[in-house]
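What follows is a group of structures, each given as structure tokens.
The two complexes that follow have subunit A in common; it is paired with subunit B in the first and with subunit C in the second.
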Partner chain A sequence: MTRTEILDELKKVIAPYTTNKEMLASINEQTDLIKDLKINSANLVDIIIDAEAKYDIEIDYDSADKMVNVGTCIDVISEKLNQKA
Partner chain B sequence: MISTGNDIVALSAINAARTNQHKFYSKILSDSETPLYNELSLAGIPFENFVWLLWSIKESAYKFLQRHNAGLVFTPVKFVVEELRLPSAYIIENFDAIAEEGIGFNGYPALNGIVTFGEVKLHSCSLLYDKLISTVVNDIDNLENTCWGIKLISDTTHENQSTEVRQFLIERLKRLYGHDDFRVDKNENGCPILFEGNEETPIPISLSHHENIIGYSFRG
Partner chain C sequence: MNNHILNHLPYKSSFRFVDNISLLSENEVRGEYTLKQDSFFYEDHFAGNPVTPGVIITEIMAQIGLVVLGIFLILKETDLNFDDDENLFPLLTSTDVSFFKMVLPGQKVTVVSKKQYFRFGKLKCYVEMLDSEHELVASGMFSGIIKNIDLKKNG
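Then we have the complex of A and B:
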């Protein structure tokens, strides 16, 4: 998957957990999950679990640590997809 | 280390079925923490509430430490709850008030805990009611120097949560110190900081909100 394809799918994963739909529509790789999308930290585990299910990957603790903005989420998902291939 | 850390969980907002799945709670709890549930289960505390109780302790500890370590990353399983003590004859009470504020937790049915992050050991006090969990963390086994507050709100938009929690804290500070020019800002690391006029105060503050519940803590 290209980064753009991952981003399109990632938007669907994030959508239930943000009320900032305007920001979601215009997210880019620098968009911060908590500061910009106003996602409650309690929902970050939901996003990781949903991403694991969506891409059939496993995200370990160290990788989850890196998922603070959209770009680093794509990095982690891309890396896990490549490991699976 | 002068700091404070708090966290609020609105139990109406948690997904109980999902929380009970190993895949989910294993991202929050470490293996050594699961046995802590034995005593709590006897007190009728559902497992999902136990998971979120530990989450609130861990997040409070993270906030406490992050004030002095801007690069700290919140990895729940790396914050380990070592002890959790129920008050005697514990029963889960209803939170019937609109707001509750205190200094320390004497007279409250608080669960006292110890949480570690590497070599660092912190002490927690949590209130677990029917609709919410509220935790405050300190670096000494005494929270009598810690002021805290919990409040229910009706408008759950992020902007309103943020506004109301600041007002709630500032009203308490005004009553306590008799000054009316407090304001809250955030530093470059995202930590809330308290100003009096144009001067940053040395009073550490912590803010939290989840759905219709807001809370603060500060060292008095």
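Then we have the complex of A and C:
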């Protein structure tokens, strides 16, 4: 999967956890999940769990720590997808 | 038998809403609380017509359904000692509760909570409150974390 493909999928994963739909439509790799999308920090856990189910991957503590903006989320997801392949 | 866990609860006197834990496992907790006739909120909510506020119902559900189970899981999975560290305290991060029946002063309620997941320090549970007739008082999804805990180091 390309980064753009993952980004498009990621939008759908994030959608239930942000009320800022305008910002969500225009996210890029620099978009911060908490500061820009105003996601409740505890709900990052739900996003991680939903991403695991969607991509059939497992995200450990250290990887989860890195997932603060859209770019680092894509890094972690593509890394785990590559490990699986 | 399960009530030793109550010694670890950080709430005191007027804000402790757990009397007894009747069932406690990794996936489920059941506990009871009897609303005190002289609780501070009845005087003003409402004057001459005391009804338990929804926020107190929510708090009872959170203390039994999330905090008791959360402390149990942390004591089981880590070597953290809750009582020695005043910086550690539980925080509610989200609730979504529906209310079905009023609770009046002196009534006994039972809270049943089923774990959805406990990951990255966050506990999410589906919690129900029943009255003494086993009728549903309130239900909803609750989530919380322990503030200042470092599970990576200790877990």
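Quick note on the criterion: the second predicted complex is superposed on the first by the 85 of 85 C-alpha atoms of A that agree within 3 Å, B and C clash if a C-alpha of one lies under 4 Å from a C-alpha of the other, contacts with A are read in each partner's own complex, and residues count from 1 in each chain.
Everything that follows uses one rule, which is that a contact is a pair of C-beta atoms (placed from the backbone, for glycine too) under 8 Å apart; a residue touches a chain by one contact, two chains touch by 3 or more.
Predicted, not measured: the structure shown is a model, and the values here were computed from it.
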Subunit B versus subunit C as contact partner of A:Asn28, first or second or both or neither: neither
More subunit A residues in contact [subunit B versus subunit C]: B
Touched partner set for A:Asn20, first subunit B, second subunit C, both or neither: first
Subunit B and subunit C contact sites that coincide on subunit A, given as residue numbers: 40-42, 45-46, 48-49, 61-62, 64-65
Residues on subunit C engaged by subunit A in the complex (per definition of touch): 93-94, 117, 119-122, 124, 143-145, 151-152
Subunit A-touching residues of subunit B, taken from the complex the two chains share: 9, 13-15, 18, 23-24, 27-28, 52, 55, 59, 73-78, 157-158, 190, 210
Contact set on subunit A toward subunit C in their complex: 40-43, 45-46, 48-49, 61-62, 64-65
Footprint of subunit B on subunit A - complex, ascending: 19-20, 35, 38, 40-42, 45-46, 48-49, 52, 61-62, 64-65
